[in-house]
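Okay, got some structures for you below.
Two complexes follow with chain A in common, the first pairing it with chain B and the second with chain C.
This part shows the complex of A and B:
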């Protein structure tokens, strides 16, 4: 059958493929061309070599990666128990969880940030005489702004929830749980040794989407005045256009590399992962800077 | 090991899953819980496994109440309806999972897993992953996994229902063979009466959360205690009849004794198995053949009586030649005592006249399943 259909002339498949390819590749090719073609000098990699020496590059990238790691921990720590609980013991609460996790999609991040910055402003005033004042200062530590982790966690909820939910649909969590328990595993061991290993793909998916979101997030970082990677790219773009595009291209490559690392990490440890570990293509790259 | 259910009650919201279930599984026997969906059979099994808790009543294992023991300490191996192998583990690792939970050493685990896989006929599949095995193979591995810890009781929750017909038959024979070999007390939930009758030592027929009858397959088939059992197990014809004052029943123009004695007079339904009805092609007969379905050794002939009642008759296929649809025929019953069931709501039928003890509920006897 497959052979028959592939023999019949499906020329439009090629057309669609080419169009889609052009749509994705032309802007990238243009970006790359722009970065390596210095007016008057011809081909030059100076934009790329300049990245390493540009002030703030390593710092902001490191900050964003740290924030991403913390956000992944928070999001998975919140969502995995919640989704499992909804599957196993409180199926009636499922719509509630679904709505809560979809809310961030409805609220634009600008509105979210406006709320955050308001609270960050009046909070210290009202609480200046209490120990909470220190908390407000601590969460805004520019070295590691916890407030961004909180914000990113909220923004990542819809993505991570979808990824986890899809993974849970693919395995029969309840039966796995009961099978493990009838084999003498306590509740905890059943979760960790029978259920979670089979959700590895979903967990990686959720983690990756969160990572992509955090690396590309600009609005919140910028409006709250922190120098995250996306913020730095935009800032440098104002001074050195070529450098900023070079950084964008580089960040795309970095993201792909991370994707591959995560996917391979998933494969290597579970030879069984028939479902590809990471199936959702990320929409990374700070759009604002392009 | 003996398992005893004592007046178990369980409600899920408004639905009563168990409504006073009393039942005992004896040491080493295979007890089938049979009934239509929603009769509470799975709930009873899950209670024994520790996944549900009774609202009231007790579950005794060797005389000890196990209500307070959590599922993972109950020492019960279970095979589930849906495929329940751990997808991330190979067949051998699946079988050894329980031993790993018990901190049995790796070498010992490997040995025991290999032993069990060959017991279920899959010695060469140790390194396969669940998705590389067929449904039947997966259930065999699940069986091996359930037996690996030498449980006191084996629980089978419709383990064959997802498999295709041929595999189902071979696997149920295998389950029976293993169970007899290991002499392990087994509770087998199924909605398939043929499965229950062919594998179990005793079959407990359940309905609406209660036990209707628990007996050996032959007894269940030959002397069902209630009309529900009679109709759920095997096929039953209902023929209109009338019980006379002398305790015999008038049916198809014949006068036959009532099994267990008649307790009432008046209009009744006479319950007869298709193989207990005789049909002959007869051009002067008042009955008419409606259909004949070939089932291999037997042909099931559907006959319409003059009053419109349709009767199913099993005829040995080599004699079914003259019984084509449309032919005239006569129908009669052999001279044997028959089972009668008072017509629901019928006048003059104060009590049921079924063999053994009879509940008024059982006599309402709608078809189920």
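This part shows the complex of A and C:
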């Protein structure tokens, strides 16, 4: 063994680590420096204190949070029954579910938005004399654009499905269900009081991933003309560069903290089995979310 | 028991119906819109709506072709760089003796790989943009540096592509058995020879799968580029956005849908290559 260690020098590990550390930390550090160093004034926290009073901040953040809440409800409401059914009684449905939940990966978000924007024009073009037209107007209400909830749910589906599916793998849903049933619980009671509490981690995971996706989402909000949080950040960047960088830094740090907590929680639970320790990877599918 | 199971399975299918209905509307309608729109003229085109191939031919000519090729070039190059740099990084992580460090890096990768977009673009603008901290302090502008260029985008894309590579390749690297290396060394192989003749061939499906995944991720990226370079680098996502915002000749709005169809074809190819490769490496890892 001693020979092996001397043959494979350890120094390269240090070099790789330092270079990677520099690459990933310098932009964050420089951004923070950029926001606190006001030209001609020196150190100042005004970019951060100004966030709350910046026009549009509260409104756009609130809109994005509301959209996120609605998206989480829709995604979990649709996915949980389907995923549970696959585990409990309809295993044949599994490939169907897998394909349906992977479909959004084939349409990049810009292309999906192009499709949505075309569909939204059908309203005025073909349906202006029908009651459906009202629906088209309603889903685009700038106060709460339902159409964004639809699009975000589609985008979040692959991510949420992987998270739920990975969580279910760790819990034997069928045994839980049968145990609860044989203790006399009704089917609904078994689901709500035995199965779902045991899936808390997976549900939270799916919800947080969806939250992070919606909060950072720029493409659809921008191209359909709604003022979501990310759209506001870009808009304000034109006039107040420091403020927009300060908001960016904060939102990155908050999202990362949130997701790190999740990732660590997931890891701590699955520490015992090495195979599931890497299950974070398939749960995270490439979509530059924002 | 049997009758009960049958009723249950009926309920099972019912539980998936809302999801399927939702997808038929929220995913199916825009998908149909892309497909039909790509092959018909826009509603405001002279002569009304009729079937045509001109959207698709336009989408692979002139400025649109430049954008399509620009996207392919940017994605291919940044994915390649991320693959080449990601493997040693992942190897350093998985062979680290400190479990805590490994966990931290893997978790951080999971986070970084997914959430770039606008905040990431602004972080880089603050660092290496025209008034960025590093640009001004190191006088990079005098050396011809500009973040708002092809290579600037590559540098930023690596920020989410590298962690994605680490995530995809780490399980495969963990699967390399120490015994293989020892066997190679006992037969007189150098480290280089071990990697060339043993490790890399074994890793090839995972590497290729990872590369394709990275390519797809970079290809679909829009927000980072839009927030950072505006339109100074030709990319297909920026062109679609441009066309959607009405910056096209009257009656050519459906070019956006044709470009979208081009993207869907590329993304579909990516998945068609990735899924079998991923299955293959997953089977080998078990």
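The definition used in the following text is that the second predicted complex is superposed on the first by the 228 of 290 C-alpha atoms of A that agree within 3 Å, B and C clash if a C-alpha of one lies under 4 Å from a C-alpha of the other, contacts with A are read in each partner's own complex, and residues count from 1 in each chain.
To be clear about the criterion, a residue touches a chain if its C-beta (ideal position, glycine included) is under 8 Å from a C-beta of that chain, and two chains touch if they have at least 3 such contacts.
Everything numeric in this text was worked out from a predicted model, so none of it was measured.
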Contacts of A:245 with chain B and chain C, given as first, second, both or neither: second
Touching partner for A:197 - first (chain B), second (chain C), both, neither: first
Which of chain B and chain C A:146 touches, first, second, both or neither: neither
Touched partner set for A:24, first chain B, second chain C, both or neither: second
Most chain A residues touched (candidates chain B, chain C): C
Contacts of A:172 with chain B and chain C, given as first, second, both or neither: first
Partner chain in contact with A:182 - chain B first, chain C second, else both or neither: first
Touching both chain B and chain C, residues of chain A: 274
Touching residues (chain side chain A, partner chain B) in the complex: 171-172, 175-176, 178-187, 189-190, 193-194, 197-198, 200, 270-272, 274
Chain C-touching residues of chain A, taken from the complex the two chains share: 4, 7-8, 12-13, 16-17, 20, 23-24, 26-28, 30-31, 33-35, 37, 74, 77-79, 81-82, 84-86, 88-90, 93, 96-97, 100, 102-119, 121-122, 125, 150-151, 153-154, 157, 159, 209, 212-213, 216-219, 222-223, 230, 233-234, 237, 241, 244-245, 247-249, 251-252, 255-256, 259-260, 263-264, 267, 274, 277-278, 280-281, 283-284, 286-290
Interface residues, chain C side, partner chain A - complex: 5, 8-9, 11-16, 18-20, 22-23, 25-27, 29-34, 37, 43, 88-89, 92, 95-96, 103, 106-108, 110-120, 122-128, 131-134, 158-160, 162, 164, 167-168, 170-171, 174, 181-182, 185, 191, 213-214, 216-217, 219-224, 226-227, 237, 240-241, 243-245, 254, 256-257, 259-261, 263-264, 267-268, 271
Residues of chain B defined as touching chain A within the complex: 49-51, 70-74, 76-78, 80, 82-88, 97-98, 101-102, 129, 131, 142, 145-146, 148-149, 155
